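I'd like to ask some things about the structure below.
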Amino acid sequence: MSSAKKAKIGVLGASGYTGAELVRLLLCHPQAEIKLLTADRRAGKTMADVFAQFAPFALPTLTSVEDADWSALALDVAFCALPHGTTQTVIKELLARAPRSKVVDLSADFRLADPASYARWYGHAHAAPELQKEAVYGLTEIYREKIKNARLVANPGCYTTAAELPLIPLLKAKAIDPDEIVVDAKSGMTGAGRAARDDMVFAEVSEGFHAYGVGHHRHMAELDQEFSRAAGREVVVSFTPHLAPMNRGILATIYVRGPKATPQDLHAVLAKAYAPEPFVHVLPFGATPQTRHVRGSNMTFIGVAADRIPGRAIIVSALDNLTKGASGQAVQNMNVMLGLPETTGLEQVALFP
Amino acid sequence: MSSAKKAKIGVLGASGYTGAELVRLLLCHPQAEIKLLTADRRAGKTMADVFAQFAPFALPTLTSVEDADWSALALDVAFCALPHGTTQTVIKELLARAPRSKVVDLSADFRLADPASYARWYGHAHAAPELQKEAVYGLTEIYREKIKNARLVANPGCYTTAAELPLIPLLKAKAIDPDEIVVDAKSGMTGAGRAARDDMVFAEVSEGFHAYGVGHHRHMAELDQEFSRAAGREVVVSFTPHLAPMNRGILATIYVRGPKATPQDLHAVLAKAYAPEPFVHVLPFGATPQTRHVRGSNMTFIGVAADRIPGRAIIVSALDNLTKGASGQAVQNMNVMLGLPETTGLEQVALFP
Amino acid sequence: MSSAKKAKIGVLGASGYTGAELVRLLLCHPQAEIKLLTADRRAGKTMADVFAQFAPFALPTLTSVEDADWSALALDVAFCALPHGTTQTVIKELLARAPRSKVVDLSADFRLADPASYARWYGHAHAAPELQKEAVYGLTEIYREKIKNARLVANPGCYTTAAELPLIPLLKAKAIDPDEIVVDAKSGMTGAGRAARDDMVFAEVSEGFHAYGVGHHRHMAELDQEFSRAAGREVVVSFTPHLAPMNRGILATIYVRGPKATPQDLHAVLAKAYAPEPFVHVLPFGATPQTRHVRGSNMTFIGVAADRIPGRAIIVSALDNLTKGASGQAVQNMNVMLGLPETTGLEQVALFP
Amino acid sequence: MSSAKKAKIGVLGASGYTGAELVRLLLCHPQAEIKLLTADRRAGKTMADVFAQFAPFALPTLTSVEDADWSALALDVAFCALPHGTTQTVIKELLARAPRSKVVDLSADFRLADPASYARWYGHAHAAPELQKEAVYGLTEIYREKIKNARLVANPGCYTTAAELPLIPLLKAKAIDPDEIVVDAKSGMTGAGRAARDDMVFAEVSEGFHAYGVGHHRHMAELDQEFSRAAGREVVVSFTPHLAPMNRGILATIYVRGPKATPQDLHAVLAKAYAPEPFVHVLPFGATPQTRHVRGSNMTFIGVAADRIPGRAIIVSALDNLTKGASGQAVQNMNVMLGLPETTGLEQVALFP
């Protein structure tokens, strides 16, 4: 698109954390203009009412998504940060009324390509199967070419981005044993969203650490799909998510066995794969990353170290679950879809300390 | 300056927190190019060695400040984030060798205009009294006109910025009793710098709260100077700093008595004074700010509420001690000194959550 | 009571934080046996279901308070940690059915002695005015003699305990000006209870600091009552509560003016008043306390320092809001009511780090 | 020992975190009396000078360990919380001068029974090889019978206790494949001790998460020894420690494969092994623990869940690194050595929230 004209943007579900992160990033994006912000329960309020940091900025008043006139709005890009379920019908409606709009969906609704897999994990048939078929999985570094021409991008989950970026190149290269992968993932609390649940109250989270969803977590479906695609055979990994007493950040510690490949070989595969990428940085062999060093940025840091057990390696990846793990990658996908330089509006350096 | 040519920038003391914050901001500043980074104890290392978040960026190797050839470097602006004492001699030398360079000093060395006051608070005579005389106090919103032509700007302290922005307009307007001011300030831990002191270790700070420097803190000298200037008479306030278990942020709760002015009057004075300012936002009457809503941004939020005791008001200000309280205001001052739009490179929205 | 026979204890409202803290303390109390735990919404569950730390302990199943047969239970002491309002009717019923039971109420329902004051702050007439009259205010160090023979003790609030312990002796001694008191208080998040409110979610609280209830907070009514009693005249103080990103702890920074008394005089008054007290420790002059050093203990630490403004002093008190600020003081009051040594079951040393 | 006479206790290295935790626990121990506190760099100071929470308690002044007259002191039990290396010579001297004293050593100096293994991991020969031979490994639940008659107990490390309690019974029962064990461990910051290192400063730790010592950590030597003993063959596990932004707590997430045993079988083995133990609690099958629910207590909570991959299970253990992971287990060992009930002085319930 011409650099003179800004893209008209809508954020559906602006009162959640990924919604606020989208607004934060888009306010500094030179080619984007926010035209619509929806938040059903907060309709009529200002964005500053729900997130005080936006008080100094001019932004549209929050409206209900059902009041949106998609045709008249003629959005260039709609970011959809709505709850599971609602999403399918909203996007179906939006694309029917405004067929030239593009959509980046941050929910899980369009991530699984297989209708049977969707039905198994979510317990019901998909409400928009033709769109499910059309949707492109939005792990930008892997699916960039498809994203360029996509109308609907299914933005990956935060855990899955953290696990897939290091593992997909290794599986593609057949450098690791697909049956011996353990992913131990740790997340900050914003990954759980903004809902006021008993177990999310400060005093229940601070000064402690725990696993959850042990043995069963919906992100597993996404991992299975992408790892199997990459390996060209079925891959099922052990995956355990944990909650750490911090706001932002995911660290994935990944245990792999290279049947023949040494840990240094694995490092070389990743270093080569990501050398040209602006948002994936592979640390020197033996060094491992910290979540704080990517906080608020769209970067993923990856480290590879040798385990003391011969043939095993430990891979650690770190990203900000709200940025590269959600809204940052969504903007990155928008840039690809609009033909803009991929880093536009995403140059912010991590906020540390 | 011409928008085509970038300003050549040096950051002296780049391995501390205010140094890292300067680099974070300058990397996104379209008119600035970092040419020099010094860190005496880390000379020879890369910036990524001391702050891993900079690993993906091209930056000069850290050098010792005494190896700098100021004349050859011909810096447009040097930010000085060195410890107290060292600063005076380094800046004296720099300006002698490179008289066309401009300096923004983030230490306390040039904040006090009165040599006697300096000697009383710091226990020794100033090493560069002629520069002390020349230096302009860098509270941008108050001293903008002088900063435009300054060669040496003394960037204010973080506590003092948080207290002075709300109080100076009120004292100038004679709206409050100068003898009845209590400033109760709370700071995040980065305000104490990066030194590995026993009392700064995580476990000594986490899950607790305390006051320090009760009855005596060097920032008081700065407050006295600026409040007395604003009131046109001597003003001495009660000031107590506290440490909160968080990285960034200062909240100042200020108790004042308006001899005749109502709390609403005080609010009106501040709302009017800061209406045109991009980095000071006055909340609606009765609302008070939170530090998290300015985190990582250059904003100061100010709220005014009525106390239940007639005639008294409670004013609360919030800023990020590393941004508006230090490096952000330093870049703001650079912009003023170079004739750039004041918000250049400082548009980042607060990182919340 | 005989040391051989344990007191039969009920905890009404066991699923909240003060309820859990009571159970924690009573499980180590050699003279107490928990016979009843109520939690209406969780009736039928175990205590371990709502607080996993109790899994290894044998405790009564949670029941609904309305299912309690007060007469048959014949509790020696009932701790009432119920929400405001409910409390009045439950205690009225309990004492009617079991007139030999004693009650320590942790709600605000019986703290105000004046029916008019109660009605003004709470917006309705008291439902048990005769009990309101009978209730003894449970600040143990000040009202110990009355508590000994009380049937109903109104346990003080956490903020009020932190402010009253240092100020009551000074007001009684007429050592400070009652019209020039500012109380700036900071609390951990457990002070807000266990309710899942939007503003209590981890990510809304972590890494930030703010004031709330500025100019109006119900604890003020209690402060007014007790300070006026101590001074023998009406006293109204400036009081601002803040929330710090920590679980436990209150720090009150108190600004006072001694019309004639020096700061050292104020320190002497407090040191003398609290010398015999096991749970109030006055630090050496000039030292101020940290909340972490009383965490989980029933101690209050108090420090007095001179302000640099002649005639003014800064007093800092620290306590754990759930222990001395609530459940610990409740157990202390139980000990007094039962004629046990006051420190029984309360000897735990602060948990630091 | 007679319950009338209290054991005379020394704490060597009282100014560190495990030293403070020993003092916290011993002050509430009815059969212990602290007679000696050493802290070389703080000799001459009071315990309250280095840990303010002890201000209200009467305790011996800190002395230098080399000034201790072991023969005259005739300690019943010395807890040794000194740095690696120093420990060997101090204990050798102590036991030579006071042969009837018993020692619980909290350092790593006597944990490895094999002199060759010690030399390999620590880079030098052991300075007291005859004591190394005599020392009993102090994992109480496993070595209780030997501890009863031991003169020198080598208290296990915190990570190792968290991994060994769940794994030793499973390895002994040959219920899991010893070659397929991954231990992903997360610790609070107090595990790193009290030293003021750059990477332990609050702002470097807060709001972030990272792995460290990837592929090489000295606790591995202990794990190898104990797992090999339990399995009756050499066992080497993958082990990665991480640091979480919290003070206390270790969570170990352990991935195992039962060649024939189902996850339910593994749960049954552990539930049976620990049914009689007061300080190990096995949760119902499928439930997993949180560190906050054991904070400040001597409990270990263990959970077992099925992985979705047939044949694999995920085991999670949680303990407080300073209590069961260090000083609590040390007091537990003292109780065993002195013939006291094992829970004496250790009944404190976890401090949550």
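Labels for the chains are A, B, C and D, by order of writing; each one numbers its residues from 1.
We adopt the following convention: a residue touches a chain if its C-beta (ideal position, glycine included) is under 8 Å from a C-beta of that chain, and two chains touch if they have at least 3 such contacts.
Treat the numbers as computed from the prediction; the structure is a model and nothing was measured.
By the document's definition of touch, common neighbours of chain A and chain B comprise C, D.
Chain pair with the larger contact count among A-D and C-D is A-D, by C-beta pairs in contact. Separating the CA-averaged centres of chain B and chain D is a span of 46 Å.
Centre-to-centre, using mean CA coordinates, chain A is 40 Å away from chain D.
One inter-chain figure worth recording: chain C and chain D are separated by 36 Å, centre to centre, where each centre is the mean of the chain's CA atoms. In chain C, the positions touching at least two other chains are 17, 188, 190, 203-204, 206-207, 245-248, 289-290, 292-293, 295, 352-353.
Contact residues of chain A toward chain C in the complex are 17, 188-190, 194-198, 200-207, 245-247. Across the complex, chain A is touched by residues 17, 20, 23-24, 27-28, 51-57, 190, 206-207, 247-248, 278, 281, 283, 289-290, 292-297, 299, 301, 322, 347-353 of chain B.
Of all the residues in chain D, the ones that touch chain A in their complex are 182, 184, 186, 188, 203-204, 206-212, 214-216, 220, 236, 238, 240, 242, 244-249, 251, 253, 255, 286, 288-293, 295, 303, 305-309, 312, 314, 316, 318, 352-353.
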